[in-house]
Amino acid sequence: MKILCINPNSSSEVTEGIEKICKEYALTDTEIEVKCIKEAPLGIESYHDAAVSVKYLLDKFEEWKNEYDGFIIACHSDIGVDLLRELTKKPIIGLGEASMLLALPLGHKFSILSLKRKKIPQKEDLVKKYGLENRCASIRATGLGVVANYKEKREKLIQEGEKAVKEDRAEVLILGCAGMAGLDKEIEKIVGVPVIDGVVSALMLMESLIRYRVLTSKVGKYL
Amino acid sequence: MKILCINPNSSSEVTEGIEKICKEYALTDTEIEVKCIKEAPLGIESYHDAAVSVKYLLDKFEEWKNEYDGFIIACHSDIGVDLLRELTKKPIIGLGEASMLLALPLGHKFSILSLKRKKIPQKEDLVKKYGLENRCASIRATGLGVVANYKEKREKLIQEGEKAVKEDRAEVLILGCAGMAGLDKEIEKIVGVPVIDGVVSALMLMESLIRYRVLTSKVGKYL
Amino acid sequence: MKILCINPNSSSEVTEGIEKICKEYALTDTEIEVKCIKEAPLGIESYHDAAVSVKYLLDKFEEWKNEYDGFIIACHSDIGVDLLRELTKKPIIGLGEASMLLALPLGHKFSILSLKRKKIPQKEDLVKKYGLENRCASIRATGLGVVANYKEKREKLIQEGEKAVKEDRAEVLILGCAGMAGLDKEIEKIVGVPVIDGVVSALMLMESLIRYRVLTSKVGKYL
Amino acid sequence: MKILCINPNSSSEVTEGIEKICKEYALTDTEIEVKCIKEAPLGIESYHDAAVSVKYLLDKFEEWKNEYDGFIIACHSDIGVDLLRELTKKPIIGLGEASMLLALPLGHKFSILSLKRKKIPQKEDLVKKYGLENRCASIRATGLGVVANYKEKREKLIQEGEKAVKEDRAEVLILGCAGMAGLDKEIEKIVGVPVIDGVVSALMLMESLIRYRVLTSKVGKYL
Amino acid sequence: MKILCINPNSSSEVTEGIEKICKEYALTDTEIEVKCIKEAPLGIESYHDAAVSVKYLLDKFEEWKNEYDGFIIACHSDIGVDLLRELTKKPIIGLGEASMLLALPLGHKFSILSLKRKKIPQKEDLVKKYGLENRCASIRATGLGVVANYKEKREKLIQEGEKAVKEDRAEVLILGCAGMAGLDKEIEKIVGVPVIDGVVSALMLMESLIRYRVLTSKVGKYL
Amino acid sequence: MKILCINPNSSSEVTEGIEKICKEYALTDTEIEVKCIKEAPLGIESYHDAAVSVKYLLDKFEEWKNEYDGFIIACHSDIGVDLLRELTKKPIIGLGEASMLLALPLGHKFSILSLKRKKIPQKEDLVKKYGLENRCASIRATGLGVVANYKEKREKLIQEGEKAVKEDRAEVLILGCAGMAGLDKEIEKIVGVPVIDGVVSALMLMESLIRYRVLTSKVGKYL
């Protein structure tokens, strides 16, 4: 199977992080390619960033859509996911939805560790859209940007992760940004609860959908 | 990886159906074994059936728990799932939860095609427990028993599946019983929406959890 | 006060309908201009249509944003509303949100009369985003396109409106597309419940916000 | 248009505050009169106060109902609103509902700044009745009475308003009592989020309903 | 123990029906008196009826409140219940709340058989206020008035009751008006599901509260 | 009437506590017997404990079911309640459901004082199953075991009870374990809000159901 993983921002650092994770976890049969939207901002931190990225995605997807069996939007805000599901019947998955789905069978409630304060309402909208508000213990802002140095990311994720477990009674943590990819196992070891990375979740869910040969439903929302 | 798929009823027909599906979809690396609870009823159609099955599961699981990397409860009512999650930190998944999680990224809302009228409130409780009531278009009774002949199953599933799509606006259908395993692709072709089988979903989700090396959270509910 | 009403599709027929309504209802002090996105499709009937329209809106809004006191997105799917609220602190309102807010004090529950079947899940997402699912009796598809002849629109709206009142117990009806502007009073007379037009609602809500000198909050979501 | 604004308590101080605000914000075409229920208590702080006030409102409304185009109940608990909507088809609006509706398009969630601790459950019931619980960040008690001195009101509103923004992540604040009228702009300046006054909201919403010539639905709840 | 059962309407027929039921079911130790508000309308079918009745209740309750150990409002709309809970700490219960509480342990979901179409939204508000919307299968209008002849009541209750069971999957039925008292057992026999009368429920719940010596909480809502 | 109260654990201390309460509160006509499952663990603190207890309950209930008019499961987690409701049409009630139903008419929201942290998610599932999440202010862990000394129980219950009232705005407290029976009145006096014991609630609710001669519905869930 051939999967395209689209990083909707233009940070080569983030793209490389995604690539590394994909290679680490992909099945041997899985051919996975990671492409970024190089005209997009360095990180998707606002509605404006998202709109600029989708603007370019719209054109590029036309070229890409026939060459792969499924598409991952490597952004935890799941930008463009509804759009692509409409444009093809091949499976489309974003990091947000995938990470929540993988978190559910591991514990009672999950918390999302997000970037800035501003992201919280947007994540709330996302959780509500997927109908998962009763399984979400909290959404916490770490104050991080999409691009940040490793030490800072690690420190802030541990700090907010521990608060999520103690104060909000989260039983599973979700890394709420593609830029956090690769930190899951380390945070897990320290905080003591499962930590879910969006890229890994999306990759495995996509492989499952393709292996099962199921396609996006075309009788309603994505007609 | 070594997975144990536990059929909590004693029907050899259902056990064979599950085995066939598991072999068809498992990864080459996956060693999967299917065991039934032979002291249990032929199908889990009531709270009583469930209690009898769990009674025997309780003892057997002690022997099984160290020999596998993860456990599937091959019952769409997810009986014993909370119990096993408490008894081990290895991943545990039931067909109900797995099938709903796999259905979510394929369309706006799913419908569950269940057995008798009596099952509807129990499935409603299950959907509510997982917090997915806003993504569930309907739960429909087909009138089928766990064990039924192929032709009857096919006919009833198509009939209720078509009503779910037209009247309840379901975009994805879920086969609400392990005894329906193997009918997914045929119903899909006729009704025209993705049809999700619980065994396939649970198998793939379990493989993902094991590949990702994540374990059940042990800080709260499953401590 | 100076209001810009942005028709995000390129239909001159729809634009003229909006203009007519705006002139009919605007306060004498209100200077209202209607502009369409001429590069956009004739109607916003899909996620793709929305993405194309937002792509051009993104650039144009830069020129427009300093010249008006508030902006109406004359589309009942409220496309681009979050984006514009982020780009300016001047009030932004879409027809979807405005029409629901005006419907609330007139009766127990409202129904939205929408275009095609495909629109229903999207409107459900919108209603859920605004947290109004408990006040929404139903969303009904009329089968109409954004551009349709008057007689057909009238007939379909009456037909589905009457069903909404009888079968879903709607007490207020909402015209779920800018292309239906101007039919409110006629449907109201026949169906016998208040019928709310999105353009009128958005205009009046916008005038209220500007008169009250309140701006979009900039401490969280729209920072 | 002729609007009657009914202050359901007997405080002349509150009545004057309402009058001042009404004059400040009413359209030039709007003829607005403010009347209080002089047999009612000085403030509506309990179910008993509400019942006494409604007892007199019941008789007075008979005289008033033919002389105005719409009626505002200038109380943030919306007492008597359902009753009056049944007695006339002319629009009726209370400060509670109006202020929430105006707050919605300005930010993700609002908080209501109320009087005493006792009021919180009552406001919760009100928010739930309007189906807006998902948009309400919190309801906070200031400890104020309906009648209080300006300095105390200002201080308490700022204090609880700042907590609402920081601790509950409110993006918009609502003044939860007619006796707080006139403090909106001052609190807004200090706390830094939009502050919505109920009287202004109700006035503008009422003017909109009358200009739009829509009446209360008479097919169900208010028949 | 001494209980006062207040019939808030003035129908002697309804009062007698309530008395008969109370005598049939009261404990031997229970001294129960039934009083009607003779200045009230013959039935509480509207917000206006309710307001008139509460107006007189307000005065009368002052005389009554010291002479009894608990008070039943024998109206299924629970009018005045919050008010009385504020005025005394002795237990207060209405037929609506009591009947729903007694229905819950008998089946998955209940339906309320109410009077006219107009009552449905009001009952919806009541169910929502008590937070029981997820346990309510439906509210159905029988078209009956508070006062109606026995044969008509019987026929309509059976007709709507059967629809509630078949179409809405109700497992328990609630008689949604004090005027239906005495028909429970007969409807039960024919429809085949438990049928709950409000008067019986309120009486037994009140006896339990008094025997348990628990009083209305006075730290918040009813302070 | 003859009621069997089943203590599903094997602690004689807990059984005696239940017996004492039952004798104190039962009607003179009520013949109540308390039996424990002596093969069960000393307390039901986990899913495993529950499964072991239900395993033995399953057999014993066959002997018991014809000899009593109703059955109480004296466990606040309501283990086996659905099962027994299926096995007989005589009324079945658990302490969890009974205590919540009795708490509802006494105040706006209740808090449950439970044992260990681990119990919280399980109680959340229970509250959600009964559809009462909007009436539940909080679930608080006291850290207590099922068997604990009186002084420790008293101290912890007061401590968490006071926090529930102050921090979570609970207006009623529920003792969330049969082992807490007998402490209600003492906690009530100190904390100042009604405190509901599950045994008392279940006893009184059971007596009401039997006196009313209503049986579990057999058309759906419990067929």
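Letters A, B, C, D, E and F mark the chains as written, and numbering starts fresh at 1 in each.
As a convention for this text, a contact is a pair of C-beta atoms (placed from the backbone, for glycine too) under 8 Å apart; a residue touches a chain by one contact, two chains touch by 3 or more.
The structure displayed is predicted, hence computed values, not measured ones.
K.L.:
Which chain lies the greatest distance away from chain D when centres are computed from Cα atoms alone?
P.N.:
B
K.L.:
By mean C-alpha position, what chain is farthest away from chain E?
P.N.:
Between chain E and the rest, the longest centre separation is with A.
K.L.:
Could you work out which pair in B-F, B-E or D-F copies the interface of A-C, where over half of the contact pairs coincide by residue number?
P.N.:
Residue-number overlap above half with A-C among B-F, B-E or D-F: B-F.
K.L.:
Distance between chain C and chain D based on Cα centroids, please, to the nearest Å.
P.N.:
26
K.L.:
Just give me the whole-number Å value for how far the CA centre of chain B lies from that of chain D.
P.N.:
Centre separation, chain B to chain D: 52 Å.
K.L.:
Just how far, in Å, is the C-alpha centre of chain C from the one of chain B?
P.N.:
Those two chain centres are 43 Å apart.
K.L.:
Could you give the separation in Å between the centres of chain D and chain E, each centre being the mean of its C-alpha atoms?
P.N.:
Centre separation, chain D to chain E: 32 Å.
K.L.:
Give me the residue numbers in chain C that touch at least two other chains, ranges are fine.
P.N.:
Chain C, residues with two or more chain partners: 108, 120-121, 128, 134, 169, 171, 220-221.
K.L.:
Touching pairs of chains, which are they?
P.N.:
Every pair of chains in contact is listed here: A-B, A-C, A-D, A-F, B-C, B-E, B-F, C-D, C-E, D-E, D-F, E-F.
K.L.:
Spell out the residues on chain A that touch chain F in their complex, using ranges where they run on.
P.N.:
Counting only chain A, the residues touching chain F are 108-109, 134, 169, 171.
K.L.:
Quick one: in the complex, what on chain F touches chain B?
P.N.:
Touch residues, chain F against chain B: 46-48, 50-52, 54-55, 58, 80, 82-83, 85-87, 117-118, 120-122, 125, 128-129, 220-221, 223.
K.L.:
Given the complex with chain E, which residues does chain F contribute to the contact?
P.N.:
By the definition above, chain F touches chain E via 25, 27, 91-93, 97-98, 101-102, 104-108, 130-135, 165, 169, 171-172, 185, 188, 192-194, 196, 200-201, 204-205, 207-209, 211-217, 219-222.
K.L.:
Across the complex, what residues on chain C touch chain B?
P.N.:
Of all residues in chain C, those touching chain B are 120-121, 124, 128.
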